[in-house]
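Here is the structure we will look at, set down as structure tokens.
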Amino acid sequence: MEAPILSVEGLVKNYGDHRVLQGISFQVQTKDVVVILGPSGSGKSTLLRCINGLEEFSAGRIVVDGLEVDRHRASIWTVRQRVGMIFQHFNLFPHLTVRQNVELAPRRVLDLPRAECRARAEALLARVGLAQFAGKYPGRLSGGQQQRVAIARALAMQPKLMLFDEPTSALDPETVGEVLNAMRELAASGMTMIVVTHELGFAREVGNRILFMDAGVVVEEGTPEVILSQPRNPRTRQFIQAVL
Amino acid sequence: MVIVSGAEVALALGATSVVVSLAFGLLGWLLKASRLRPFRWLGNAYVETMRNTPTLLYLYLIYFGLTQFKVVFSPFASAVLALGVQGGAYMAEIMRGAFHAVSEEQRQAARALALRPWKSLIYVELPQMLRVAFPALGNQVVSLVLGTSLASVIAVPELTYQAQIIGENTYRYFSVFAVLAIFYLLIVQAINTLWRAIERLWFGRWRATV
Amino acid sequence: MAELTPYFGILLRGALVSLRLAGLSLLFASVIGVSIGMVATSRFPLARAFATLYVEAIRSVPLLVQLFFVYYALPLLANLSPSPYQAATLSLSVYGGAYMVEAVRSGIVSVGKDQWMAARALGIRYPDTMLYIVAPQALRVTIPAAVGIFIDMLKGASVTSIIGYVELMQTAVNIRNTIYALSPLVAAGVLYFVLCFSFSKMGAGIERLLRYESR
């Protein structure tokens, strides 16, 4: 078996007196679609943000694509080039058009020529079904459209791993579907994904592994069939029943 | 008409002072935002001092002070320096407020895309800061233009100075100062209208912030 | 700096003159502010327009020009000859008045429409509503703003030196012209700073106090 694309060992994060992450360990292989479930405050988002260095962690080790994740080292910027992140509130840049949003990072980080950036942007926007919005500003798009632009923006860097932090939680129910479809297509194309979400349908259909987190600990880990239908741990069972 | 040349000088003085105050404002903001305490203290001292003392003081200090140290600055340059340094403190506060108004999420999105701090500042944060600060910047420009009237006390031939001369020569103080007031009124209204138009044209398409 | 010592008392007296001028002008400005501020929030669009006109006009003309107008130009109309003190007080009051109108207006607006509706439902009429319900709450916004305006007027008082009113700035200039040193100006600067800074800290304290009272 080849080396995992992500390896988390004994990850601990303290926020003042509060221990948000209590020693998390797991691995992710290429093409895995890992869904992280759990109640709010369980540390799911924090875990995601530690992986690409947006959050500092207190102890433990994270290795992404052979690179150690350390915020204080210059290598963190290479990590961020290889890891894409989708935020709950999209965080598109309001002063740039949709196309410029997607072009920005390839142009200014990878220093690719303008023509190539534009080609990449147009191909990706077509892929998420938003080619006709290329010249518009994000403020004019619906939430679901903005999130799809965010996906295209992250893909423009050709990441090896994509992190999704509750991508549909801030969306109207009508637009949730279009984002999930884009994510489904992405998974089918072989992207390695870690998704924090409440969308159990997605977890069942697209995910190949589920991590259930509660109070900073991975309580249970397994395939969707097991976790969603016959969870072993009582806390998992409680959560699944409450959500379903 | 002499009064028109006065207006030209006033506008030139105003424009130059705006540029100088932007420069000092940038310096003041960076000092205040620095990680090193002595720099932060310096920045705070600069802003607090300027905000709690009158502009006239600096005009006199530079005017009298320079003659003492035998440095020759034209009255225009002295006025630009005084207005610019004092105005810089207000600019620094505007910049600081605008920086904090840009949401942390935007910075995180930039970082997640591997944009380093400098690039994030230039391509993501500064444009948004400019939008937030734009109305306040407009007020500051108006304030500086109105402040040019004080330069008359060190004999800069701007509007108020020319008006005073005309007044002394013709004794028709009422008409002269009435016209002077109207001149300023028109200039300020023009600046405000222009500023709002630029704001609409430049930032109007952004509509809602994501 | 030592050459300044005999003049220190005079400087302090100049500071007191500035304070007195700013204080008196603030008083008049407050009267203007409250009366025109109420006009600015009245039901009558014409009245509101008049108030806006006043505020916009005063804020579009430099204080110095307004001062000159009062001191040199107005007398020609009314055949009066105001002293520098009178012109200074009038001009500063009208100037501060415009800012006080805005402060009063923000204060009144900060009390939501709901309060007005509740008062009307209880049968309370406009004057009593204003006096017992709106004003106390409006003051929470207006008073901190007024402190800021006072500080601006203290600095603005320095401009009155140009028509010969002897307050702190003119005192410093006079001393400077006597001893040909920069120290009086610097000392005046320090005095201005100490005064304005103290008042601004006081204003922040008042603001904090007023905010807690509503809890």
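By letter and in written order, the chains are A, B and C; residue numbering begins at 1 in each of them.
The rule is short, and it goes like this: contacts are C-beta pairs under 8 Å (C-beta built on N, C-alpha and C of every residue); 3 or more make two chains touch, one makes a residue touch a chain.
These numbers were taken from a predicted model, which means no experiment stands behind them.
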item	value
Chain pair bearing the highest count of C-beta contacts	B-C
Chain centroid nearest the full-protein CA centroid	B
Centre distance in Å when subunit B and subunit C are each reduced to the mean of their C-alpha atoms	22
Centroid spacing, where centroids are CA-atom means, of subunit A and subunit C in whole angstrom	56
Gap in Å, rounded to a whole number, between the CA centres of subunit B and subunit A	45
In subunit C, residues with contacts to at least two other chains	none
Of all residues in subunit B, the ones touching two or more other chains	none
Of subunit C, residues touching subunit B in the complex	57, 59-62, 64-66, 68-69, 72-74, 76-77, 151, 155-156, 158-159, 161-162, 169, 172-173, 176, 180, 182, 185-186, 188-189, 192-193, 195-197, 200
List of subunit B residues in touch with subunit C within their complex	48-49, 51-57, 60-61, 64-65, 68, 142, 146-150, 152-153, 160, 163-164, 167, 173-174, 176-178, 180-181, 184-185, 188-189
Interface residues, subunit B side, partner subunit A - complex	105-106, 108-116, 119, 123-124, 127-128, 131, 203, 205-210
Interface residues, subunit A side, partner subunit B - complex	52-54, 77-78, 80-81, 83-85, 87, 89-95, 104-105, 108-109, 137-140, 146, 153-154, 157
